[in-house]
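The data blocks that follow each hold one structure.
In the two complexes below, subunit A is the common chain; its partner is subunit B in one and subunit C in the other.
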Partner chain A sequence: MSQSGLELLFQGQNLPRLLAGFGVTLRVAAVVLALGLSLGALLGALRTLPNRGLQVVLRGYLEIFRIVPTVVLLFVAYYLLPQLGGLNLSGEAVAVVTFTLWTAAEMSDIVRGALVAVPRHQVEAGAALGLTRAQQLRFILFPQAVPLALPGTINLATRVIKTTSLLLMISVMDLVNVGQTLVEANSHLHPTFAFWLYGALFIGYYLLCAPLSWWAKHIARQRKAVTND
Partner chain B sequence: MSWSVIQASLPAFGAAFWLTLELAALGIAGALGIGAGVSLVQYFRVPGLHQVASVYVDVARNTPLLVQLFFIYYGLPGLGLKLSAPVSGVLGLIFLGGSYMAEAFTGGYNAIPKSQLESGAALGLSPRQLARFIVLPQGLTAAVPGLAANVIFLVKETSIFTVIAIPELTNTALDLIGLYYRSNESLLMLVVAYAIILVPLSWGLTQLERKVRHVTIGA
Partner chain C sequence: MTEPLLIVNHLAKAYGQTPVLEDINFTVNKGEVVALLGRSGSGKSTLIRTLNGLEPFQGGTLTFAGQAIDPTPATWLALRRRIGMVFQSYDLFPNLTVLANLMLAPVQVAHQPKAQAETAARTLLTRFGLAEFADRYPSALSGGQKQRIAIARALLMKPALMLFDEVTASLDPEMVHGVLALMTDLARADMTMIVVTHEMGFARKVADRILFLDDGRITADMPAEAFFTAPPTESARNFLASMTDR
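So, the complex of A and B:
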């Protein structure tokens, strides 16, 4: 009995359909990461400027996206976006917009943290040497800030990948949603099918995220070894 | 905005509010317990157990709660283990949260200079005594910011319980949207309800962090 549940996973169109769902999951994750990390890097840089109004706005943006659960953000966007000027977006587009804004908010804090962690005197020394503002950024600030921001950014990427599992909630046919559809179609005849299928999703997400987490940990440990004696 | 819809929805939201708090509290308490145990096992490299602990933390942190819940609630019955939705939800939250809490505890312990442990060992303290007198008092203080962030994170994660039809806040809001076809009212109440929980909680935890920040860790 338990074997039939596992075998079913590979029968008929089950595996191709799961892979198609996996493709949707990967596509959303890739688009969100590309847009969210770039927007977040820009906002993070803006957050180091001395403009008070800008700081209040960007900080408020970050806090709102931090305090409201992502699921709630997703539903708010899902129901509100169509009301704004009759904008009729697909579920996938709604998810991309929501996750991108959330990712950008989180990323802005990582980038801001890394930029302010570079000692001020480094940039001032650059200015004293006659480097232009662009040169200071290019040769002093970025080379030191990027390694500082990297572990946090990689961890954020794993969070984005895990967050794509929420796509199911607004009826996007992602990996989890396809999985659930297959379970609903098969589990009355094969009670162990759900176990194997959700087990497979579990492993799938793990295989995507774990190497990134290890990489982030490795970088952080290397840095620590360099800075602490 | 229709006030009558909001008024009619209040009792359901009230019940969902308390259920969310209850499930979150159980999950967070369990996660703190598991996290404390796992982090100590890892820190003192308890033979046989610390490898298991590392695998657990790695797996739990690198999979989404939604998939964990589906596996517990829909997958485990295939093996004859049938759990109710709220029990599955709390167990999922403990499984996920335990790994995050373990990492936060570990971060705290690692803030203690190695020289202190070596001094303790040189004085003849046993591992148990090292934990009791050196690692825990200082490590727990240093772990507070990480633990606090996880508490907020886990409260927010209860919103995912809606996928296994636990009538918590998000699930209730979606139900009411289906009932009244008034999405703005329900969503507004949903956001306000989470704000009522999370804003004071976040403020309180910041105060706690501020309080323990003044505890110095001897160099």
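So, the complex of A and C:
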């Protein structure tokens, strides 16, 4: 019985397993983005405060997570965390923690940059009108910083999604890992199977990342059109 | 009857170790228009920014409407409702429409009902000939329009004192007139104003008094006409000469 590589993709448990892997990728990315972007926004806001000691700590954190490759962070966390705390974390949980810390570090820089890019005069004009500090943040600083931070944030989100493929390294069955396993199990049945399977991975990541990327471009274009103030 | 609104006594201010204002003394009476003149870097902006707490100062006292100002954040918050300020760079909020710019402080700071704040804002826009811009964003306006709206934004808080810091300095020449005309109307309507300006014609015609700031000190405080006909110091003479041959 000769089948094409494409037919093989739809046979047996192949597709459900692939979809399950896609689900893991999606879940990890969603949790990491929700936690990492929020934590990063908070840290970014803290990084605009004048407190020296705090700035040293937060910058050190950013530098470490930026300089060390994410895969190294992941291995360190995977092999060291259980030994240190004696806590029994699943691979997925270790990855979520690591990716969240990395995402938060990157996000803090984006948010800090956006906040300091809003002209100081804007906040001063609010102060001169009698707005409290909280009102200055709520009505002036944050609304102006969000559009500035958005393109970088979307870009970061696509990087986070792609970085989840490192889950393979610590044996979590994400989309790439499932794909890899299926290739190893099925390639001998048909030579073009790997081609179709990697094509499916491509489509999976494309579906996740392309809309984000379009959105970022759209915002950039929109901003160009309105910023003459 | 002259009734003092603002009394500045021995005010001193430094940026770090560098003194910028030294022993500043003057009084502004209700309804008076005072033009604050001086060379670039003489401390004009710094001085008017200390008057509403945008800059802290190190020495001296301020008295506003008979009350000594205790320079705490809470005092400044309360006082800024009564002291309006307009800047050179307009500083309308680009994330808000013109109407929302105008209603922000009346609603959030003065706690006016929205409908009332909107009516007041639209009425003032109409008076300024800017009614058609209510729903536009500031980026769609000319500099002169923005600056008149910035003035309206400050006026809607019904301030007792208005501070202007070179509000026409960024405008194209053809826009300057409209803004100065608006300020002249305000002066005629007895608004108390301190105006930092390089528009000597305006200062001479509209101001009751001139304060001349020379390197952080007030070296002239006199009626406008007297200042322009007989500048009291060498430095003031040179300043006026440099302004007229521009």
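Methods note: the second predicted complex is superposed on the first by the 224 of 229 C-alpha atoms of A that agree within 3 Å, B and C clash if a C-alpha of one lies under 4 Å from a C-alpha of the other, contacts with A are read in each partner's own complex, and residues count from 1 in each chain.
As a convention for this text, a residue touches a chain if its C-beta (ideal position, glycine included) is under 8 Å from a C-beta of that chain, and two chains touch if they have at least 3 such contacts.
All values derive from a computational prediction rather than experimental measurement.
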item: Subunit A as common anchor, with subunit B and subunit C clashing or fitting; value: fit
item: Contacts of A:Ser90 with subunit B and subunit C, given as first, second, both or neither; value: neither
item: Partner chain in contact with A:Ala194 - subunit B first, subunit C second, else both or neither; value: first
item: Inter-chain angle, subunit B to subunit C through the CA centre of subunit A, in degrees rounded to a multiple of 10; value: 100
item: Subunit B versus subunit C as contact partner of A:Leu80, first or second or both or neither; value: first
item: Which superposed partner A:Ser171 touches (first subunit B, second subunit C, both, neither); value: neither
item: First, second, both or neither for A:Asn51, with subunit B first and subunit C second; value: neither
item: Partner chain(s) touched by A:Gln144 [first = subunit B, second = subunit C, both, neither]; value: second
item: More subunit A residues in contact - subunit B or subunit C; value: B
item: First (subunit B), second (subunit C), both or neither touched by A:Ala128; value: second
item: After fitting on chain A: smallest Cα gap, subunit B-subunit C, Å; value: 20
item: Subunit B and subunit C footprints on subunit A, overlapping residues; value: none
item: Touching residues on subunit A, where the partner in the complex is subunit B; value: 2, 5, 67-72, 75-76, 79-80, 83, 158, 162-163, 165-166, 168-169, 176, 179-180, 183, 187, 191-199, 201-202, 205-206, 209-210, 213
item: Contacting residues of subunit B [partner subunit A, same complex]; value: 58-59, 61-64, 66-68, 70-71, 74-79, 156-157, 159-160, 162-163, 170, 173-174, 177, 183-184, 187, 190-191, 194-195, 198-199, 202
item: Complex contacts: residues of subunit A adjacent to subunit C; value: 121-122, 124-132, 135, 139-140, 143-144, 226-229
item: Subunit A-touching residues of subunit C, taken from the complex the two chains share; value: 52, 54, 77-78, 80-81, 84-85, 87, 89, 91-96, 104-105, 108-110, 137-139, 153-154, 157
